[in-house]
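One chain, subunit A, links the two complexes that follow: it is found with subunit B in the first and with subunit C in the second.
So, the complex of A and B:
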């Protein structure tokens, strides 16, 4: 069976891993980041910067790669207070988009999560597994977007292409 | 297949978790127990017929450690028994 989807590998993004208490992170980075998403596994956005709440006291900031240097300058990971941790992780994740009328069916093959709109809305971002790999998944226009560890990028692409063939 | 309640993510598929072992007794003071008791603490994991307290790591999720009670007869996640500490 073939599926009516397109699988598109995304270019690198500027990614920063932030850990610490919400108040400390907000204090340090309020001027460059959107408001911290309070609900677990949700996201907020401001201009082209998005913030994902992926764990207890754990967020991922994402922006286009062109903004990496500017974000790093403002977040200043090497000078941040000891109670928070900011690490540039742009090179560690590869993003894919699965878009098209049957994107949800393909994602259901790949991951065990309930991705119906009532359970997995526009604002949901969560780590789950995708073909057994840890993956960050979310909705995007006309489908889903997910990220796996950079070194598993080719493997995830291969799995997906076999699933939809 | 179990749906394990993660305190951060809610109920998630068992396959997102890694089993962290049964919750054993607290570590005794090695100077106050005999050799047999020390070996028992080191090597014997709880293995009851019925509810057992276990640790699971949400490795392919939010990385939380979760402690649950699981009934070894039914594989159901259950409430802590009344006599549990």
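So, the complex of A and C:
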């Protein structure tokens, strides 16, 4: 293998797409979500639930799949006020982890973003491009984690295996 | 063969490692650290190439990327073409061949061109071979004048890679100035990216014997490299050429043979805050008669071969110069015991400091080289003094120096400006356009003492000599050796009116090609200036373009090859499709979909007929997952949907849906799809597969630019829902067999409605829509359940003869129903009325996107192409899709085109759709499809061939 990394395709996560004003989101879901991240392209966490601020008035809540039903019950997408949108999107993203001493080198093949630790810290999460595909990227322990639209999952895996061959 | 020209010691080569290689089929030896060029010179191989046009014998001229003469083709695992021999690292087993000669450079059949050279000046081809057609002659001319072909096969092992990098400072060049800049930035804690094209750092210091504070200059280089290696914030690459400078300080670097796994070459795309251009300078050639003979070399290259590779490419040397730098070369050669016959200096007054370097050598000032004797190797040079005296000096090597050009390629690629410096007789960096700085020789600091404190080097002084111009001169004087462009070619261009330097370049091809005129460009500019009687600044330079040196296509492409050449998307059913023999291909938006499912012995048409018959007479199932799907939420969704769809949408009640058309600003059809109201504020919009992304952008753009205050939130859920669409008269039976808690009766669950429930034990949303014209149930589940659902559908449907249906059959089924298809009937020119869909144009709504445009167009009453059905008079005659319809089948302007033609199993004949002028009023008439050799009569009908009243799909 060209690079000293491990690449792991992740199992499904519970994901909810949230849109609306911060106040409206907090009013509706403050008891189940972490504090809203203050800065765009950053994340907060509480217990096993993470909240990614990925756009203006736009967040993604993430938790282990086992918590999907519980989260959905509390977030209640079908009953939430008209001012906010909550949609279960757990199946829309396929996550990969690239970890190991040369994870940053493999990621630099895939991604044009500056992912140096001085620019892309632990709390950073953002949409960018990986192998030309729209992707959500963040750091994880000993490496990086990213997600592409689920239907591109096989292609991303194909690309990664070529990169490290 | 022994290495006759190799010194007994010296050079930066590893003499303990002998490497064997072949050149034009002959075996030679070299050492680790050699280039192919240095090894050939060590073995006294003089004729290494034939020239591009005249097939003149050529030898090695330079020692780096400036090499204009010797291009080689590598075989075996190194297979590549047109590589300057000076940039090919020697390795054991290397096999190289000269390009552009047959059978060998020593004896080349194409050499006959030399006899005809008077008749084939610049522009000859275009003037002579214009009748009857240039392309008639082009192949043979290209074969005669071409270079090496691209390798027939990709590398047998390894792969290319492209990666991204970011830096505060990118330094191009690891010579003394580049190393100094990198050290400064690195010590300041900046992220530094240092890239150098050579195999080791040092730049010009590798080639000569200079000192800093009395110590060897290479010692300073080694200390600098060591310090940089210790900095975590510095990336230092050798064998890495910065070959392109793009907008916003994006630079592209090609790294060759990185010491990492199986990577052949790596392309770096570096975004830099600041760029330091430390690319050094390139020696330029002198222009005199027969200045291309083997054994005529750049003086600095002779010095480099001696100091770096321990090679002296001649026994008796004459130097010809107009500047001081050649004197250091002579000094090195003398120290090595080489016989320097003379130094010919075109200047009338040679600086004393220069003379002091070579006290024992005859220096002939005010003297030029008038000619060179020797066809395949220098035998003597003709020294001509300003007084007119002539003497021939016997020698086997002529080292010449026309001065130095700062290597401003990157600077100029950044669109920064240049100015001509009279003192240095060279173009220098002037006003930067991006955040870049030129340093060292690239900025005109041509001696070490100007760059490094304590550096010691003879001061640089020059009197430019753009060409030797003697009365009665014979023999070609080349300005661009690679492209065989001589002084007379430039004169011809000027005489014919091509007096702009860019035109001169295109007329003569001077400055083009692999070396991009590194040694000759300024001599062309100088020749133009002399001929026109204007200063060089006024002539200007041609545009410097990337790549600075040749780059492999593989490195540019990186990993993008084979299966990842284009993006692709899968559904959870993809593997099942493959396992069951589906013929897969892309069917819009990068989705790989099954085209059809051939069974044993079946061709495409047989398979499609079987699948269609199943849907029309029994039951079929297809994977409809790729359709674009969006969930819209907010109080203003109804008015938004009323704006983007042409029909009324807001009146829908929860649980129900409607088919609609989206129009563009100009009233033409943008997309079609269905909209369902999930509840008071939630809506589901589906789009065509191919337009999903563009419709998403269309909606977001409208919301962000036209209606920023409207409360509409869009979430893409294309991949949150997959669906298996069960269609056909037995569809309800299959649904019952699968098991569902939803009442499927048509009274309770009518067409264009949806129900949430379970199917086969999975949470599902069942939607009653139909794209086939048959009773259909679109079973939507989360992708995590899709593969299992699909398997259960196939199992439950087996007793009913269920067949998986591919894209080809879907196409047939929709044509039979006259359902429109984007890209077929919707070709960017038609509106809803043309397609007979005026019913989808709301009369109640005051406004919607495209309404005004379509009204204006309709008021114009221009003839329109309208959708019709066509039935070939011969039932068994297929009409090609896209074929034109002309009046009476005559050779006249078309009145329409065939948009689709399929074999209909329910009609047992070919049926088709067409866009035809005034088609709606021509039903029953005969139209004519005009092909190249045939006219096919077709009957015009309504565009529907199955269940015209839609009873089946509502059943």
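Of note:
In this text, the second predicted complex is superposed on the first by the 164 of 165 C-alpha atoms of A that agree within 3 Å, B and C clash if a C-alpha of one lies under 4 Å from a C-alpha of the other, contacts with A are read in each partner's own complex, and residues count from 1 in each chain.
Note that a contact is a pair of C-beta atoms (placed from the backbone, for glycine too) under 8 Å apart; a residue touches a chain by one contact, two chains touch by 3 or more.
Since the model is a prediction, treat every value here as computed from it, not as a measurement.
In the superposition on chain A, contact of A:112 is made with both subunit B and subunit C. By the touch criterion defined above, A:41 reaches subunit B but does not reach subunit C.
Contact with subunit C, but none with subunit B, is seen for A:19 once the two complexes are overlaid on the shared chain. Of the two partner chains, subunit B is the only one that A:55 touches; subunit C does not reach it. By the touch criterion defined above, A:128 lies against subunit B but remains apart from subunit C after alignment on the C-alpha atoms of chain A. The wider contact with subunit A, measured as residues touched, comes from C rather than the other of subunit B and subunit C. Of the two partner chains, subunit C is the only one that A:83 touches; subunit B does not reach it. The intersection of subunit A residues touching subunit B with those touching subunit C, taken from the two complexes, comprises 112-113, 132-133. Across the complex, subunit A is touched by residues 8-10, 12-13, 15-16, 59-64 of subunit B. Interface of subunit A with subunit B (complex): residues 40-41, 54-56, 58, 112-113, 126-129, 132-135. On the side of subunit C, the complex with subunit A involves touching residues 159, 161-166, 191, 260-263, 269, 271, 558-559, 563-564, 567-571, 574, 591, 626, 631, 633-635, 678-682, 711, 713, 715-720, 782-784.
The touching residues of subunit A, when paired with subunit C in their complex, are 1-3, 12, 17, 19-20, 78, 82-85, 87-93, 105, 108-109, 111-114, 116, 118-119, 131-133, 149-155, 158-159, 162-163, 165.
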